[in-house]
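Dumping the structure here so I can ask a few things about it.
A, B and C label the chains in the order they appear, each numbered from 1.
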Amino acid sequence: MSETLTRTPRRSGPARRVGDVIFSGTSRASALLILVILAGVAIFLTVEALPVFASESEEITGGQGFVSYVWPLVAGTVVASIIAMVVATPIAVGIALFVSHYASRRVGQTIGFVIDLLAAVPSVVFGMWGMQVFAPKLVPVFGWLEENLGFLPFFADGSATGRTLLTAALVLAVMILPIITSVSREVFVQTPRLHEEAALALGATKWEMIRTAVIPFGTPGVIGGTMLGLGRALGETMAVAIILSPGPFTWNLIGTGNKTIPAEIALNFPEAAGLRLSELIAAGLVLFALTLAVNLIARWIVDRRSEFSGAN
Amino acid sequence: MSTPTKDRTPARRMDHELDHLSGIVPSPVRPAPRHLSLMVLGGAVLATLLIHTVLDRSLVLSAVIGYLLYVIGVNVAYRLTSGSRVATDHTMRALVYGAFVLAIIPLVSLLWTVVENGGARALSPDYLLQTMNGVTGVHDKAYAEDGAPMVGGAYHAIIGTLIITGIAALISIPIGLFTAIYLVEYGAKNRLSHAIRFMVDVMTGIPSIVAGLFAFALFGVLFGVGTKNGVAGAVALSVLMIPTVVRNSEEMLRIVPNELREASLALGVPKWRTIAKVVLPTAASGLASGITLAIARVIGETAPLLVAVGFTRVLNLNPVDGPMNNLALYAYYMFTRPLNPGYRDPSIERAWAAAVLLVICVIALNLLARLIAKFFAPKTGS
Amino acid sequence: MEKSAMSKRIDINDLNIFYGAFHAVKDVSMAIEPKTVTAFIGPSGCGKSTFLRTLNRMHEVIPGARVEGEVSIDGRNLYGRGVDPVDVRREVGMVFQRPNPFPTMSIKENVLAGVRLNSKRLSTSAADELAERSLRGANLWNEVKDRLDKPGSSLSGGQQQRLCIARAIAVRPQVLLMDEPCSALDPISTLAIEDLINELKSDYTVVIVTHNMQQAARVSDRTGFFNLEATGQPGQLVEFDDTQRIFNNPAQQATEDYISGRFG
């Protein structure tokens, strides 16, 4: 046996301890850095937004103070995102069920990949497609809505270009489809096999099995995924910035008008300076708070679900 | 198939407690003719074509009506042959398939549009190797009217994308990976790791434009208001990328069997060497795949760069000095602010070509991630 | 031959093991002689595996686990001040319930893992020699000598377990702990491992936990019976004696009940 293997009397070798200390120290520091970054986002945005709250209301864009500047933006953002969420959720749940319970494993994987692609397409490309292809296609639909449902305030006056809040919301729906789908699929797949087989063994059809076993089990997860999708839609910038031709807030979803916070920032930031810059950053802070609230609720719902599903 | 266990039956009303209801026969189910749904589908397709050609309605409208006819047809057909329960089953099936097709349509339309509008230009060497330096609306007019060759490409934007994304990856991968190591290997279930996991979730939800504003504000405070450069953009992208890297890596480290850690520790290997030489190599393919996906997620980001990096028409290789360009931003500016408002087409063509390059990048990265995960996974015997 | 120095005597004094507030094992004292095979038997949850892990401080991997008392190997307390658990584990090797070869490494790399992972440089010839010697020691050499570069996971379950034993003895421990090493194996592989344990005895002090009483009777010189009075109570060492005596004429009623299959 060669001398390399000769046993040397060992004590706690300092070299080894150093390795452990450095390694665990680096890991811990990285983890703490996450907290620092997140705090930094809030702090730096607040610092840069402060001039807005210190200035006279006449100096703010619109001349009536920050609140009246920002509320139409908030309203536009929320309306567009909620429409997107409402449109996307049933379709996403349908796809998730298709992948988890109808398609074969192979087909399911392929669809999973396609949906991943949908998630990966850059938002600027969605915006270009939305403006050039989708918006013109919607113009006749808007005309029909105006003609037949024009008594509703939402469909008062159809746009000739199709570049409206509803168009933007529908593109947002496509964009948030993947996240809702993937969260829903994940919970549907986790449905205890025992429950499914119990239902099937009682003579249930596939849909009855899904209704009695899969959906009750998956509902909280789907709600959480939907909220995550809403958060994504609230923050989506480029697609809206390209598609929507901005204007003051209006309930008319198919006409010109409305703005969203992220699009407002993107459209005005490059030329902004001084107080205008602070204004936009303050609007960003409002957006941050809004998405934070939505995401916290979403996580709370998803986590609560995972707690009690542990019993299954 | 296992027999149903009494206490675990999810549908309570089917439970044995309801034995007093015996005698009530559930709605019976009869076998349907084979291929019934295919026959209905054929009928619906035929109806769609008829509406389109004979009634001269648009293809989209005809397809919508055809699909509704299909759903109704399936319901009626199965109700007649097999009873209402089977009818509901097949109706839901039709709706689920419909949801899937509905989601595929925009993707196909989008990819088609991108390729059709930008495919040719994206692959021309001029486009790939020229910047927009000195290119003006005059050139575009000449191209559109006199058939002069198109000048001006996306070379500077391609290089800018690579530099900014590369720096973002250099920042994010170590931070993300070590955070994941902390969460899985050191933090166990302590409070800090709970807090961090929560914060990573919160960070996942930060809107991309807010990340851009953060980087802008940070660099404004550190280096003077209005500082816009490539590193600021990379910092903004890192805010978006780190949570993805953490989550993907955490998942991958967690599926490394504990037995391997124990085997290594029991050989008298210190913990950090166990992590570095046993855990990380075992998870390597998964980690690489997750990181690739994280890069794919940020490579097409526009908003944060619009805010933090600014925009230029010339090639800038220095990420700490002044604005740079990147593909997504290039596409955005070309699309919304054509060089020559009178002759928009050349600019729009450039924008779509940039979109082609972006989509190719994203698809390639996604495929790469799958291939890494598939072919480099360690072969576990058990 | 230096091998004689490899097997060491283990003394355990009033050892108590806790998981957080839960008292898992209570007041164990025993002496394990060098070059013997000692088996621990007992019903599930009686703390025998936990106790085994405290002999090389592997229990510390589980958060919240701690011990009170003393474990000495040739008079040196494992839990003494300034003793590094990493050193302890190199002197007291361990083989686990399920074979766990490193999936990223070949058969040969697996055997050398303990040395290589400690960043010791090995010349090619020394590495070859160590690999062959360890594999021979684990009765695996003849089966794998032609495919040393194949992944460790390409072997059968029983071969993998012997590979793990080869890996453990490659760092030349003084004591070898085995935590139900055959519970995931078929009868033929089990027989091979049992034969191997018999051979290892001539060089190492072997401590084995097993669910299988026949196995304890077949392989061990001394047997300890662990039991708990009720669920939630700490496990205790009920009886520790020569294997012959434990199985033929136990002193305690509980031992006899367990041996004769009346519970457990």
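Just so it is clear, a contact is a pair of C-beta atoms (placed from the backbone, for glycine too) under 8 Å apart; a residue touches a chain by one contact, two chains touch by 3 or more.
None of the values given here were measured: they were computed from a predicted structure.
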Most central chain, judged by mean C-alpha position against the global CA mean: B
Specify the chain most distant from chain B by Cα centroid. C
Distance in whole angstrom between the CA centres of chain A and chain B is 12
CA centroids of chain A and chain C: separation to the nearest Å works out as 52
Please work out the Cα centroid separation of chain B and chain C, and write it as a whole number of Å. 49
Quick check: what residues of chain B touch more than one other chain, meaning two or more? 270, 273
Residue list for chain A, restricted to those that touch at least two other chains: 16
Going by the contact rule already set, what residues in chain C reach two or more other chains? 86-87, 90
List the residues on chain B that touch chain A in their complex, please. 1-5, 8-11, 14, 26, 29, 58, 60, 85-86, 88-89, 92-93, 95-100, 102-104, 106-107, 109-110, 113-114, 117, 174-179, 181-183, 185-187, 192-193, 195-196, 198-211, 213-214, 216-218, 220-221, 225-226, 239, 242, 246, 270-273, 275-276, 296-297, 299-303, 306-307, 310-311, 328-329, 331-332, 335-336, 348, 351-352, 355, 358-359, 362-363, 365-366, 370
Within the complex, chain B is touched by chain C residues 56, 58, 61, 63, 86-91, 93-94, 96, 98-104, 113-114, 117-119, 151-155, 157, 160, 164, 167-168, 171
Using the touch definition from the top, list the residues of chain B that touch chain C in their complex. 188-189, 257, 259-270, 273-274, 277-278, 281-282, 284, 378-382
Complex contact set, residues of chain A against chain B: 16, 19-20, 22-24, 26-35, 37-38, 40-41, 44-45, 47-48, 90-95, 97-98, 102, 111, 113-118, 120-129, 131-134, 137, 140, 174, 177, 181, 194-195, 197-208, 210, 212-213, 216-217, 228, 231-232, 234-238, 241-242, 262, 265-266, 269-270, 273, 277, 280-281, 284, 287-288, 291-292, 294-296, 298-299
